[in-house]
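Each of the two complexes below includes chain A, the first together with chain B, the second together with chain C.
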Partner chain A sequence: MIFIHFALRNIRAYAVRSLVTILLLSLTTAMLVFATAFMDGSHDKMLSNAVEIYPGYIQITHPDFRAKPSLDNLIFDVEAVARAVAATPGIAAAAPRFETFVLFAADEKAVGGMLSGIDFAAERRLSRLASSRTTGRYPEDGDGNQLYLGYELARRLQVEVGDELAFVGTGADYSFAADNLEVVGIFRTGLFDFDATAAFVGKDYFDGVMAATNYATHFIVQPEDPHAADQVTAALNERLGRHYVAESWRTTMEGLVQAMLVDSIFGYLTLAVIFVVIFFVVLIYTWLTVFARMREIGVLRAVGTRPGQILQMLVAESALLALAGVVLGGMIGAGLAWYFHLHPITLAMSEEVFKQYGLAASSMPTTFAPLIILRDMAMMFVLAVLSTLYPIIKANRVKPIEAIHHV
Partner chain B sequence: MFNVLLRIALASLQRRLARSLLVIVMIAMSLWGLLAMEGLYDGMTEQVIDNAIRSDSGDISIYGQGFRLDPGLHHLIDNGAEISTLLHRDARVKSHVLRLRQDGLIATAHYSRNATLMAVDLAAEDRHGRLASYLVEGDYDFGEKGRGALVGFRLADKMKLKVGDKIVLSAQNSSNEVAALALRVSGILKTNNMALDESAVYIDLARGRDMLMVPEGVSQISILLHDRQEVMAVRQKLQAELGNLDVRSWDELYPALMQGREMMAIFNLITSLLVFCVAGLGIFGVMLVSVLERLREFGIMLAIGTTFAEIRFMVFAESFILGLSGYLVGSLLGGLTLFYFYRYGLDLTMFSAGLDAFGMDTVTYALIRPGYFGTALAAVSGATLLSVLLPLRILRKARPMQAINRI
Partner chain C sequence: MDTSFLEIRRVGKIFSPHQNVEVRALSDIDLAIRRGEFAVLSGPSGSGKTTLLNIIGGLDSASSGTVLLDGIQVTDLGEKRLSALRRDHIGFVFQAYNLIPVLTARENIEYVMRLQGHSAAACDRRSQEVAAKLEIAELLDKLPNQLSGGQQQRVAVARAVAGKPKLILADEPTANLDSKSAANLMDMMQQLNEEEGITIIFSSHDPLVISKAKHSIVLRDGKVVANEHLD
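For the complex of A and B:
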C-alpha cells in the first residue's frame, strides 16, 4: 500500500510528465478502440449489405455445382430439400432459386443478363429485392410473365415499367426457351453489376417456361440469428446427407471476407507505426523522470529500501499512469464508437470507390462491443507498462553510491 | 565560435548518450515505418490505376457520342482511320488501339453468362498496353483462323472454362439480329481490371466485324501518352478537333480510382502529421529536461560573455543533430525497405482471393518517390525546431544568471 502512496505522490510531483503520459496513452487507446470499432463496423456493414441484398447467409447446392455449375448439377428434388430445411432448427426463412443467363431483347437492343425464377413472397424475408424497388411494383407469385428488372439493365435495354421485352435462353432440359416478358417493377440495390445484369420472374412461371419444375440451382436459407450461420450450416449438412451441400456466406463470399481481412491487416499495420512512436515517447518520458529522481532512488537504497521495493514503487507509478490513460482513452474511444454506432459516418467521397468494388454502402456505423473495447484497453495497459520497464530496471540497477552522485 | 558551440552541443548529447539514442531511434523507427507504408500504399494504388489504363482506358479514350451512356453499335466512331492518322502525327502520343465492343452472352454446353465482346488486334494491344503480360493460362493468340478467344479470369472461373474449351458467343449485330460465333478458349487473361476480368471475351477484330456486321467503325480508341502530365492538354486538343466525339481522360472514366488515389494521399498525410506531432512531443520532453538541468551551466556561459543568441543556437543545434541523425537512419532503413519491395515486391498471394475482390495484384511493388524523403526531412526539421521553442522560452524566463547561485 505504501508503494501506491509513494507512486501517487510522485505522479503529483512530476505533474507535466504525468499529464503528457496520460494524454498520450489516452490518445493511443482512444485511437485503437475507435479504429477497431470503425473497421469492424464498416466491414460488418459491407459484408451484411453484400450478403443480404441477394446472395444470402446460407446456400444449398448440388455438391458439384460450385466446381461445375452446369444444368447437370442442379437440385433435382426441391421438395426434399425443403423438407430437410423445415426440419432444421434455427431457420427463419428459405426458398429455392433458379438462375440462368439469357439474352434479353427489347426493340433495337439486346443484352445478356441473369434471369432468375424466385419465390417473390419468401424473398421479402431472404433478400432486399422488395425494398430496393424504385418504380412500378414488386411482383407477386402467380403473376406469370411479369418481370422485376435491375435499374441498369433496364437503362441498357431502354425499357420502362409497362414495356415488353423478349428473352432467349436454355431450359433446364437443354431445350430452347424463349418468351415475352412485361416489366412491372424496376429495382436498384446500389450494386452496379447486380443492377446491370439481374432480372426476376416468379418461380412458378419460370418452371413452366424453362422446364424446371421441382428443380433449382440453389436454395437460399436465412438463419434466425445471422451470427449463427455456421452452426445452422453444420446442422443442415447433417440433415442433407451427401446429395446436397450447405455453405455459409463465409465460403460463398470468401473473396469479400478475405478482402476485409486484408483491409484490417493494413489498418492495424498503420496503427502499429503510430503506436511504436507513442510508446517510444512514453518510454522517453519515463526515462526522463526516473533518471531525474536518481539521487532520490540512491538515498532510498542507502537507507535500506530494497531494489525490489523500489521496482514495485516505480512500476506502481507507471501502472497508475497507464491505468488513468487507458481508462480515459477507453472512455473517449467507447463514446465515439457509441455515437457513430447510432449516427453512422457518411463517406460521400468514398461512394464511387465502394460502388466500384460492389459494396453498396456509403454510411458506416461503428460497432459498439464492450468486450472488444475492454480487450483493447487491457492490451494498451499491458503495452504501456511494458514500455516503461526498461528505464525502471536500468535505473534500479545503479549502485546506491553512484545514484546519490548522479548529476 | 559556432564550431565551439557545435562541439558543446555534441558533448551535451554524448553526456546523455542513452537518452539521445532513444530519441534518434524513435525518429528513425517512425520514419522507417512511414516511408515503407507510404511507398507500399502508393504502389498498390498506382498499380490498380496502371492496370485500368493499360487494359482499358489508356491515358485518354475516344468514344462515339452517346456510347458511354448507351453502349451499342449505333454509337460507333466512323472515322477511325482518320483519327489514327491524326494521332500518329502527334509526338506526345505513344500508341493507340482501336476496339470494337458489344454486350452479349457467352455459353458452353452446360452454362451461359453475360459477356462483353472485345474485338481487338492482339499484336497492337500488346504493343499498346502489354496485354500479353496479363496472360495467366494458354496462348496469347487467336489461332491461324482467328477461332480462338481470350477470356477474363473471373468469367472463366464462373463458367469453369479451361483452355481448349468450346464456347458460343451471341450478340446483337448491326442489323439488330442475334448473331452467334463458335470459338475455342485459347487463353485466360487476368488484368485486375474488375470489369474486364468479370465479363471480357477478346476475339479477333476481323472476325468480330464479320459477326457484328460492322465492316468499319470502332467503339473506342484508347491512347497512351509518353508523359502522363500531358493528359489534359492532349485531351483538350483532341476534343477541339473531334468535336462530335466523346474524348475522356482516364480519371473521368475511372473516377473511383482517382478518388482512391486522393483518399490515399489524405490518409498518408494524416498519418504522417500524427506521427511527427507525437515524435515532436518526444523531442520536446528531452530538450526541455536537457535545458532545465543545465540552467547553471547556461548561467555560467552567460556570465563569461556568451550571448543568449549563441545559447539558442546551441540548443537548436542539439535538437537538429538529434533530428538529422534520426532522419538519416530512418531514411536509410526506409529507403532500403522500399528498394527491396520495389525490386521484389510484397507477395500477398495468401490473400489472393481478397485482393482479387478488390482488383489488386497479389504482388505489390513499392514506389520510391524523392518527395517522400523531402517531405520527411521538412517534417523532421519542423518537429525538431518547434520542439525547442518552448524550452528556450522557459530558459529565457528562468534567468540562468541567477541560477548560478542555486544549489
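For the complex of A and C:
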C-alpha cells in the first residue's frame, strides 16, 4: 500500500508530467478506438451496401450454375426449394429470381441489359430496390408488363416514367421472347454497373412471357441474423441435398471478401505502426521522467528500499497514469464512435473510389461496439505499461550511490 | 564496549573514470569502530572520506578488502540483502539532506519504519518521539521545500534514527548549514548517540564536528594517517 500511496503522491507532485502523460495516452487511445470503429464501420457499410442492395446474404442455385450460368442449369422446381427454405430455421425471408440478358429498345436507342422476374412484395424484405426508387412507383403484385428500371439504363435508353420500350430475349425453353414494357418506376442504388443494366418485372408476368413457370436462376435468402449467414447456409445445404446448393455472400461475393481482407490488412498495418510509435513515445517520455528522478531513486535505495519495491512503485505510478489516460481516451474515442455512428462521416469527394469497392454511398457510419472499445483500451493499457518497463528496469539497475549523484 | 562492531580490513577502492585511467581512492584501510562510538572521519577534500562511508554502508562496492558490520560481511552481500541491511541496521544522513520531495517530514521519517513493516500507529509514535528530540514536532506536516536547510537536515537525522539502526553514517551533515544550525544539529546527534546507543560515524572537515568526536580518524590520499580514541 505504501507504494501505491507514494505513486499517487508522485502523480500529484509532478502534475505537469502526469497531465502530459495522461493527455498523450488519452489522445492515442481515442485515435485507436476511433480508427477501429471507422475501419469496422466501413467494412459493415461495404458489406451491407454490396449485399443488401441486391445480391443478398445467401443464394441457392443449381450446383453447376455458378460455373456455367446457362438455361440448362436452372432451378427447375421452385416449389421444392421453397419448401426446403420454409423448413429451415433462422430465415426471415426468401424468394426466387429469374435473371436473363435481353436487348431493350426504345424510340431512338437499343441497349443490352438484364431483365429479372422477381416477387416485388418479397423483395421489400430481401433487397433495397424499393427504397432506391427515384421517380414513378415501385411495382406491386398484380402488375403485368410494368417495368422497374435502373436509372443509368433509363438514361441510356432515353426513357422516363410512362414511356414504353420493347425487349427481345430467350425464354427458359430457348424460345424467342419479346414484348412491350411500360416504365412505371426508376431506381438508383448508386452502384453504377447495376443501375446501368438492371430492369425488373413481376415474376408471374416474367414466367408467362419467358416460359419460366416454377423455374428460377436462383433463390435469394435473408437470414434473421446476417452474422449467422454461414450457419443458415449450412443448414440449408443439409435440407437441399445434392440437387441444389446454398452459398453465403462469402462465396458469391469473393471480390468483396478479398477487398475487405486487403482493407483489413492495411488497416491493421496502420494500427501496428501507430502502436510502435505510441510504444516508443511513451518509452522515451518515461525514460526522461524516470532519469530526472534518479536522485530520488538513489535515496530510496540508500534507505533500504529493494529494487523490486522501486519497480513496484514506478510501475504502479505508470499503471495509474495509463489507466487514467486510457479511460479518458476510451471515453473520447467511444463518444466519437457513437456520434459518427449516428451521424455518418460523408466523404463526397471519394464517391468514385467508393464505387470501386462496391459502396453505393459515400457516407461512413462508424461501428459502436463496447466490447471492441474495451479490447482496444485494454491493449493500450498493456502497451503503455510495457513501454515503461525498460526505462524503469534500467534506472533500477544503477548503483544507489551513482543514482544519488546522477545529474 | 564491543571491539568487533565494525571492522574494516585492507579496504581499497579504485575508480576508472575512463578506459586505461585508474584513480586509487582508498588504499588498504584498516579500521575498527566500537559499538556506540561517536567517530569522525576527517581529512581534506578527495582524501576518501565519502568513499569509505559509502563502502561501509553498502552504497558502493570495495575493489578489495572486507567490511564486517556486527559480524555481517557487508562486502559479500547481494543487492537484495544489502537493501535489507541498510533498511534494518544503517541510517544515512547526507550532506544535501536528500529528503523525498513529495513526502511530508512525517512521511519521510516514517518511510524506513514502513519498509521495516511497522504498523501505522507504531510509526506515528516513533516519529513523534524522534521529532520531539530533534525539536521538529511542529514541522511534521510540511513538505521538504517548506523547510529551511537546518530543519531539513534535522528531518533527515530523524529519518536515519527512526528505524532504530545500529549505525548512522553521516556524510558532511553540517556542510550546508550555518554555524548555529550546525552546532544545534551536532548537540542533538550527540544526545541521540548517548540516549539511543547508536554508533555514529561522520565524515567532515568542520572543526566543530571534529571537536565532538570520541574517535578521530584522519584520512589523506586514501590512507589512514591518524586514528585516535579521545575518550
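In this text, the second predicted complex is superposed on the first by the 395 of 407 C-alpha atoms of A that agree within 3 Å, B and C clash if a C-alpha of one lies under 4 Å from a C-alpha of the other, contacts with A are read in each partner's own complex, and residues count from 1 in each chain.
Rule of thumb we're sticking to: a residue touches a chain if its C-beta (ideal position, glycine included) is under 8 Å from a C-beta of that chain, and two chains touch if they have at least 3 such contacts.
Model, not experiment: these values are computed from the prediction.
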(message) Between chain B and chain C, which one contacts more residues of chain A in the superposed model?
(response) B
(request) Would you sort A:G241 into first (chain B), second (chain C), both or neither based on which partner it touches? (result) neither
(message) Once chain A of both complexes is superposed, is A:R295 in touch with chain B (first), chain C (second), both, or neither?
(response) second
(message) With both complexes superposed on chain A, which partner does A:G304 reach: first (chain B), second (chain C), both or neither?
(response) second
(request) Applying the touch criterion given at the start, work out whether A:G169 contacts chain B, chain C, both or neither, answering first, second, both or neither. (result) first
(message) If we overlay the two complexes on their shared chain A, which of chain B and chain C does A:A105 touch? Say first, second, both or neither.
(response) first
(request) Quick one: classify A:K399 as touching chain B (first), chain C (second), both or neither. (result) second
(request) Scan A:R9 for contacts with chain B and chain C and give back first, second, both or neither. (result) second
(request) Check the residue A:V262 against both partner chains and state whether it touches chain B (first), chain C (second), both, or neither. (result) first
(request) Kindly list the residues of chain A that each of chain B and chain C touches, one partner per complex. (result) none
(request) Write out the stretch or stretches of chain C touching chain A in their complex. (result) 54, 57, 59-61, 79-80, 83-88, 90-92, 94, 98-103, 111-112, 114-115, 159, 163
(request) Mind listing the chain B positions that touch chain A in their complex? (result) 18-19, 22-23, 25-26, 29-30, 33-34, 37, 41, 70-72, 74, 103-115, 158-160, 170-172, 176, 178, 194, 198, 254-257, 259-260, 262-263, 267, 271, 274-275, 278-279, 281-282, 285-286, 289, 293, 348, 351, 353-359
(request) Within their complex, state which residues of chain A touch chain C. (result) 2, 6, 9-10, 12-14, 295-296, 299-309, 399-401, 404
(message) Taking the touch rule as given, give the residues of chain A at its contact with chain B in the complex, in rising order.
(response) 17, 20, 24, 67-72, 100-103, 105, 108-114, 156, 158, 168-170, 193, 197, 254-262, 266, 269-270, 272-274, 276-278, 280-281, 283-285, 287-288, 291-292, 349-350, 352-353, 355-357, 394
